[in-house]
Structures are given as C-alpha cells and as structure tokens.
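Presented sequentially are two complexes of chain A, the first with chain B as partner and the second with chain C.
Up next is the complex of A and B:
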C-alpha cells in the first residue's frame, strides 16, 4: 500500500540541542516543521528527559512541546527517495517526508578504539555508560576505570559516581602540557567551560586522575576482570568491573554523505549560515564541528533563521557561533589522539564486531573496498559505524561510499515509500497536462 | 628493464584470474595486470550463482561445462569461497510455464544434466516460504553458489603458486598488435599473447569491441531466520535476460551461508554509474515480496549495483581477434561470467596450446562480431 507523503516546509533530522533549537525557531515563523528522532523522545545526547533532567534542558523541551513542530520520536531517517523526500521508519511503520528545507542535526557518537579484549562484556563507551546510568542501568558498587580522551570523561565519571559507582581511576591520554595550553585558550574562548571543569574537579577531588595515561588492554572472559593502562612508560594493572572508555566524539555523517553534502576533515562543510554544499540542505550541531551544546543550539537557531529569511536576527549570533567553533578546534588540538592509542590492537583483536574480522586479517589490505570484498569488514548490521570510525583513525582509511538504506530497513518500507513518491510524481505530471 | 612474458592478462576479475589459473598450470610465464582490487569489478558486485542456462545451445554448452569445472575443483576450494551446491529451483506459475519447464527438462536430459520436476506440494516442502499456489518448479541439483571475489583471489593465488605474477594498481593504457602493453607511467610490457579480460572496460582498450554495460541491483537481508534452501528463480527470468530495452526485474533469491538472503535482480541498459536507484531497487524488492511474502518484514542491511559486460548476441567473446593472433579476448560474459569463467579459460588454454577443446569454441569466437582486423 502506498502511503501519503507528509509535506513539510522544514524537516530536521536529529532532536538533540541543535535539532530542537532549529525546530523551535522555525516554528516561530510559521514554518511547517517535522523533527525526526531515532530515540523514543527528543533530547539527543544531553537533553534526555530523565528524573534528574536539568532546568535548561527542561526549558527547551517545554518550548519544543509548545512550538507546534511535529516531533516524530522512535523514527529513523533511512535514505532519500528522490531529491526532495526523506524515507523514515519506525518500529512498525514508515513515512515519507517531503521537504523544502532539510536540516541535518544528527550529532556525534563516541569513538571506540579496538584494543585487546575490548569485546569482553563490561567495556562501555564512557559517556554512553553515563547515559545508561541516568536511565537506570545499575552501576552502584561497581568498580569503574574511566579512560580515553576528551572533556566528556569528567562529567561521565561524575555521573557514574553519583549513581554509586566506585571510580578507580580517570585516565586521559592527552599529555598535561597540551591540556594546560588548552585551559589558557579557554579563558578567552569559553570561560564558563573552564569554571565547569574546575567544579567537576572539585567534586571528583578524591578520585585519581592521570594525564598522559591510556588503557592498553582488557582481561576477562565472561566478564571484565582487569584493565592494563600505560602511564609514563609503565604498565599499571587495575582490577575492576567496568571500563568506561571513549576517545572523543565522531560526527554522524552517513546521511550527509548519502545526500551528497561536501565533507572535509571529518565534518560537514557549512558556510556561516549553516548551508551545506547542497542547495536546500543545512547542517547544525556536532556534525559540523565537535564544539559542545552551546554551539549546537546556536548553529541550529541560525539554520532555522536563515530558512525563515530572518538574517537580521541571525547576524548577531554569528560571532558567538564562530567563537564556539574556535573552542571546538582548540578542543580537537588539545585532545588529539597520540599514535600509541591508535596502535593498541594486536593481531587477534577484533576490529569489525559484526563480522568478526581481526586486525591481523585486515593487515594485507590498504583500503575499505579490498577489506570489504575479502573479509566483509563493515558489512554487518551496523554497516561499519563502529569499525568505520575506528579504521578511519587507525588506518586513515577514508569512509566507504554511503548507499541507501543507511541502516537495516524493512523491505516493505523501501517498497512502499518509493512507490508513494513515484505515485505523487505521476500525479503531479498528470496535473500539468 | 624490459618486462616480457608469454601471456599478459588484463584484468583480475573472475575471467582473468581463471585464465591465469589454467595458463600458469601449462608452465607458461603469465602476468596479470589489474588496476584495482582483485575481483573488485563486476565480479565483486555479482550474485555468484553457478547455473546452467538453456537460453541457446551455445549457452547451455558453456554454462554446463563451466559448472562441471567448478564442481571438479570444488573440493580444493578454501572455506572463504563458500562453495555451496544448493541447487536451483526454477518457478512456474502458469500451465504454459509448466510446459516450458517440461521442455527445459527434456533438453537438459539430452545433455546429461540432472533435473527433477516439483509439483505444488513438493515445492512447498522444498521452499516453505514461497507464496502458496505456485504451480510447480524444476529442481537442478548440481547448480551451486560461491562468494565471487574470494573465488577470484583463490584462482589467482593458485596461478601465483605456479609462477604467475600480479601487477596490481597498474592501469593498462593501450595494447598494441605487436604484443606490447603500455601501462600508466609509460612502462611497456611485451607479451607473446595479450588476453583482454577487462570486463565492462574491455572496449576502452579496443574501440571496436561491441560491449555495453548492463546494470544490475542486489540487496542482502540481515540474518533473518527465514528459510531458503536453494537459489530460487522465476522462469520468466529468461525473458528479463533477453530483454534489450529499459529496466526489468525478476525474482531471484539466494541463500548465503551466513543465514542471510541475497535478493536479485534487475537489468538496465544505459545506466553508467553504480549508484543504487531507489525506483529500481523498490521494483526488484516488490517482485521478490510477491513470490516470498515473508520477505516484506525482513530488513535489507545493504544494497548495491554492478555492471554486466554484455554483447549484442548475449554470448561472450572468447579467442583471438580476427587478423591478430597476439591479442585475444575473454570478455562479454554478461550475467554468467562466474559460471562460465573456468570454461572460458579452459577453451583459451586449449586453443593456445593447439589442443582440441572439450566443447566447440566456434560460437564464442570474436570474429562473429568483429569485421575489422587489428593490424
């Protein structure tokens, strides 16, 4: 059965801060707006509605509820059907959204890097585990090593501690020298962030924090038993229950890539008005620059204002947005990954978890195509989301070309969605005659 | 240094690697030249069905010989090649199609190809997920499936163990009637015989070759738990194969060893790129769902498209170019290159050695399509 197409002025993919700010702003000007979000509800990585939801996020979520935008939760953007439509799928249904303007606000995910033992149960993404804890995943009494890189390690550790975990160590791979430089840059670019970090520091006062320290391997069989780390050239072994490990964030670029938006240095290219290289398509938030929540909100608002033609209102925000981006760049420099953490995997370490491909098996290959042809690396259900990000860092392989559908999609969805678009196109032709 | 060899093969698809496989066994000095990954052309995007096709006598002869050769080497194939003799079931819905299956059977019998007619109930037992009420089927038990790029790698590795050499990452810019091959960067290789096995791109090296691209889409499901035991194809697939204009689709599904189902297939002319086209993909999936309703709720994890190298009479070009004994062709295998690769190579090896061939090479000689001489 071909379904009807939902006609929208603005379709936004991703209901994190960037998408929510864009939806609220666009609706203010009477634009018919749909906000598509994979998770059951809006919020993205930081504004999930949890019992401990912060006032700021509650304010934005209330605005979203009041603004009249159509929020499609539990809905995944699967692929475009033609140049002006997007196919989306829910647990048991699907829709076709026709758009005049499309805002991509798909955010970022944590970078996980393969190391010996990393597939043992008990190894989590650091920020991911913090989110799980907020949603009720039990961490109380668990002994946790928080390791990796980036400013999210501290809030993650703090959250875990608040939910009763015992933090054995926080290990940041970046060297202390670079972090001091970063702190100085923050005084100018983002003094509030510095204050926040300091507050985190106070609240984590009795937790061990090591800079220039990184995890090297994980031991355990049915579950994690021990984590080995490297610090000042020495190995430290820590018995623990959980390794919460993240090496920073990588933008979710799959949809942008499929839509043909130009991508450079790992982010979607946008101009100061958040326009991508494809007419009618805008991008906002973490996929344009890993720079945190304020940048996400600003860029989302700017994109929506530009669509509404409200340049007057957008212009004053440009300065703050570009400052936020510079903060992002400083962040990336400070927490740049050292070569050692890119070379943790040994021959037996699994790189592609879907297809069980090890680092040793990938050794003969020099690019994605060969690895995929011969070892099926990245051909499992996650379609290279995890190993793709890892390999682009470890081996500097460019990402493989994106093809529809982006994610495993019901066959019925692909058939009916496409037919709906074809039917509409035929009817439009009929009208013209 | 001047690089010389007895045989230079352009292209390391399934056809080029199969040629290397047999020719290196003869003790000839073989060089294979490939610009990309081994098996990364049409071979890397195809379905890997080893199937006897009765489109015409020459088709039947070449496909059944090809299948027989695969069967012969199957015991030595490494696990990664995933050779699986699952057999084909051809499906018929109308009485007329049943009749068609009967004559197909008679025809196959003459060539000693085992078959078995399935009535409605037998079909139900064989493939429980098919829609009810399919009139009947023809089971061809010796057909098989393989994982094509791994097969190409295996054939090449065997050739290398017999002394063949691979020049990878080298684009051939031109081939000369004197047996010279100019590579990008102007290096020249001299060969006693050049075999153009460049698939869809063979005509870039020789403008007179009448090869066009026929695009095909495929989609693979997740590990679904849906039952599929054989490669299952609707009998009107043959019409789709013969069709010369527009896009057509036919029901063609294949069980993978992983429990996934590979869904085909479409045919299109005049589509240069390998991007996935939603209308074609949807049309193809729709056809599959009509035959196997259970598919509607399975998930596609990946879809892609590739090109078949096709000739005006749908038969490959195998043998020397008319007027030039030093440039040979092994291309134009269209949708059957996997099946017929070993047979092609076997013919070529025998023709080069001046031995009689197992089957008549006449119908495949390039002279039928090329008037001009090479000199």
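Up next is the complex of A and C:
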C-alpha cells in the first residue's frame, strides 16, 4: 500500500536545542513545520524530559508544545527518496515527508576510542551512560571511573552521582596547562560556562579529578572488573564496575553526507545564515560546530528566520553566534587529543565492534574501501559510526561514504515510501498533461 | 509516584516506571547482555544514545530495535539474544 505524503514547508531533523529553537521560530511565521526526532520525545542530548527537568529546558519544551509544529517522536529519518522528500520510520510505521526547506539538526555523538578490553560489558560512553541513567538504567551503588576528555565529563559524572553511582575518579586526558588557558579564554567568550564549571566543581568536590590522566585498558570477561589508567607516566589500576569513557564529541554527519551537503574539517559547511551547499537545506547546532547549547539555539533560530525571510531579526544574532563558534574552537584546541590516547589499541583489540575486526587485521590496509572489501570493517549495523569516527582520528582516514538507509530499515518502509513518491510524481505529470 | 508499566523480557514479566527505556528495563531485569557479536562475544549497551546499535533486541517481534531509544509500553515483549 503506497502511503500519502505529508507536505511541509519546513522539515527539521533532530529535536535538540537547535531543532526545537528552529521549529518554534518557523512556526511563529505560519510555516507548516514538522520536527522529526529519533528519541521518544523532544529535547536532544540536554533537554530530554525527565521528572527533574531544568527550568530553561522546560521553557523551550513548553514553547514547542504551544507553537503548533508537528513533533514526530520516536521517528528516525532514514534516507531521502528524491530531491525534496525524506523517508522516516517509527517502531511500527513509516511516512514520507515532502519539504520546501530542510533543517538538519542531528547533533553530535561521543568519540569512543578503542583500547584493550573496551568491548567488555560495563564500558560505556561517558555522557551516554548519564543518558542511560536518566532513562532508568540502574547505576546506584556502582563504582564508576569517568574518563576521556572534554567538559562533558563533569555533568556526566554529576548525573551519575545523582543517580547513586560512586565516582572513583574523573580522568581528563588534557594537561593542566591547556585547561588553564581555556579557562582564561572562557572569561571573554563564555563567562557563564566558567561559572557552570565552577558549580560542577563544587558539587563534585569530594570526587578525585585528575588532569593529564587517561584510561589505557580494561580487564574483565563477562563483566568489567578493573580499569588501568596512565598518570604522570605511571600506571594506576582501579577495581570498579563501570568505565564511562568519552573523548569529546563528533558531529552526526551521515544525513548531511547522504544529501550531498559539503563537509569540511569534520563539520557541515554553512554560511552565516546556516545555509549548506545544497539549495533549500540548512544545518544548525553541533553538526556545524561543536560549541554547546547556546550556539545550537542561536543557529537554529537563525536558520528558521532566514527561511521565513526575516533577515532583520536574524542579523543581530550573528555576532553572538560567531562568538559561540569561537568558544567551540577554543574548546577543540584545549581538549585536543594527545597521541597516546589514539594509540591505545594493540593488535588484538577490536576496532569495528559490529564485525569484530581487530587492529591487527586492519594493519595491511590504508583506506576504507579496502578495509571494507577485505574485512567488512564498518559494514555492520552501526554503518561505521563508531569505528569510522575512531579511525578518522587514529589513522586519519576520511569517513566512509554514507549509504542509504542510514540505519537498519524495514523493507516495507523502503518499498512503500518509494512507491508513494513515484505515484505522486506520476500524478503531478498527469496534471500537467 | 510515576505510573508503572509491565513488560515481558525473555518471557519474564517486570514492572518498571513509565518512561523507562527498554535498555534500562533489561538491566533492571538483570540482563546486561543484549546480543552476541559476530564472533560470539557477549555485548551490552555501549554508546547510550542510539548510535552504536549494541543494545539491539527484538521488540514486539521486530528484530534489530535499539533498546536505548525505545520507552517501555504496557504489554511490550522484548527478546534478547544474550
């Protein structure tokens, strides 16, 4: 059965701060807007609704509810069907969305780097585990080592602590000197963030925080038993239940790639109006620059204002948006990864977790194509999202090409979605004759 | 108090607060393993945000669902491959 197509002025993919701000803004000007979100509800990585939601997030979520935009929760954008349509799938259904303007706001994910033992159950992304805990994953009483890099280690540790985990250590790979420089830069670029970091510090006052310290390996078989870390040239071993480990964020670029948007230096290229290289397609939030929530909101609003033709209202925001991006660049410099953490894997360490391809097996290959053809590296269910990001850092391989569909998709979705678009195209032709 | 919903995990019923993710319900039911890797290793949830697909399970008969991205609904049937 071919389905009907939902006709929209604006389709937004991703209901984080960027997507929500864009949806609220677009709806203000009477644009028929749909917001597609993979998670059950809107919020993205920071505003996801939990009983203890913060006031700021509640304000935006209330605005979203009131604005009239159609929010499609639990809905994944899987691929474009033709140049102006997007196929989306839910747990038991699918739709085709036709758009005049498309805003990509798919956010970012954690960079997860291979080390011996990282496939043992009990190793998680750091912010990812916090996310799991918010949705009920039991961390109470568990002894957790939080490690990796970036400012997110602090809120992640705090969330885990709030849900009852015992935080044994927070290990930040960046050296203290760089972090002091970053704090100074923040005084000008983002003073509010400094205050926030200080507050996190206060609430984590009795937790050990080591700079210039990184995890090296994990021991355990059916579950994690011990984590080894390096600090000042010495190995420290900590018995614990969980390693929560993220090395900063990398943008989710798969959809932008599939749509042919130009990508440079690991982010979607946009001009000051958030326009990508493809006419009608805009991008906002973390996939244009890893710079946090304020940048996400501003860029989302700017994209929607430009679509509505409201350049007057958008222009005063450009300064703040570019300052937020400068904060993002300072962040990237301060938390740049040291070579040691990119070389943790030994010959036996699995790199591609979907296909269980080890570092040793990848050694003869110098690019993705061969690694894919010969070893199926990056060809499993995650489509190279984890090993692709890791190998782009470890071996400087450019990302593997994105292929539709973006995630495992039901055959019925693909067939019926394509049929619906063809039928609509035929009908349009018939009308012309 | 949040409302409770009942889900069936590998044939065993468990009641969890509504809003709990399927991944969390699995852990609450003592199941840390969601599937076996291509070489037979036991694996559980990993990235926590629906990217790595390590937490995939069968939900209401549909295989390959990301359990961290789905909220428990009354009567849901979940089957792991652990």
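Couple of notes before you dig in:
Just so it is clear, the second predicted complex is superposed on the first by the 433 of 433 C-alpha atoms of A that agree within 3 Å, B and C clash if a C-alpha of one lies under 4 Å from a C-alpha of the other, contacts with A are read in each partner's own complex, and residues count from 1 in each chain.
Throughout what follows, contacts are C-beta pairs under 8 Å (C-beta built on N, C-alpha and C of every residue); 3 or more make two chains touch, one makes a residue touch a chain.
Note that the structure is a prediction, hence the values are computed from the model and not measured.
With both complexes brought onto chain A, simultaneous placement of chain B and chain C is permitted, the two fitting side by side without a clash. Taking the C-alpha centre of chain A as the vertex, the lines to the centres of chain B and chain C open to an angle of 80 degrees, rounded to the nearest 10. Residue contacts after overlaying the shared chain place A:379 against chain B, while chain C stays out of touching range. Using the contact criterion defined above for the overlaid structures, shared-chain residue A:241 touches neither chain B nor chain C, since it reaches no partner.
In the superposed model, A:131 makes contact with chain C only, not with chain B. In the overlay built on the shared chain, the residue A:418 is in contact with chain B alone; chain C does not reach it. A simple residue count on chain A separates chain B from chain C, and the partner touching more is C.
Of the two partner chains placed by superposition, only chain B is touched by A:369; chain C is not. In the superposition on chain A, A:38 makes contact with chain C only, not with chain B.
Touch criterion met: A:408 reaches chain B and chain C at once. When both complexes are overlaid on chain A, the residue A:356 reaches chain C alone and has no touch with chain B. By the touch criterion defined above, A:222 reaches chain C but does not reach chain B.
The superposed three-chain arrangement places the nearest Cα atoms of chain B and chain C 8 Å from each other.
Put simply, chain A uses residues 380-381, 408, 410 to touch chain B in one complex and chain C in the other. Residues of chain A that touch chain C in their complex: 38-40, 45, 50-51, 74, 91-92, 109-110, 112, 119, 121-125, 127-132, 135-138, 222-223, 252, 353-356, 380-382, 385-386, 407-408, 410.
Of all residues in chain A, those touching chain B in their complex are 79-82, 367, 369-370, 373-374, 379-381, 383, 403-405, 408-412, 414-415, 417-419, 421-422. The touching residues of chain C, when paired with chain A in their complex, are 2, 16-17, 19-21, 23-25, 27-28, 32-33, 37-39, 41-54, 56, 59-60, 62, 64-65, 68-71. By the touch criterion given at the top, residues 36-37, 39-40, 44, 80, 149-150, 153, 219, 221-222, 275-276, 278-279, 281-282, 285-286, 288-289, 295-304 of chain B touch chain A in their complex.
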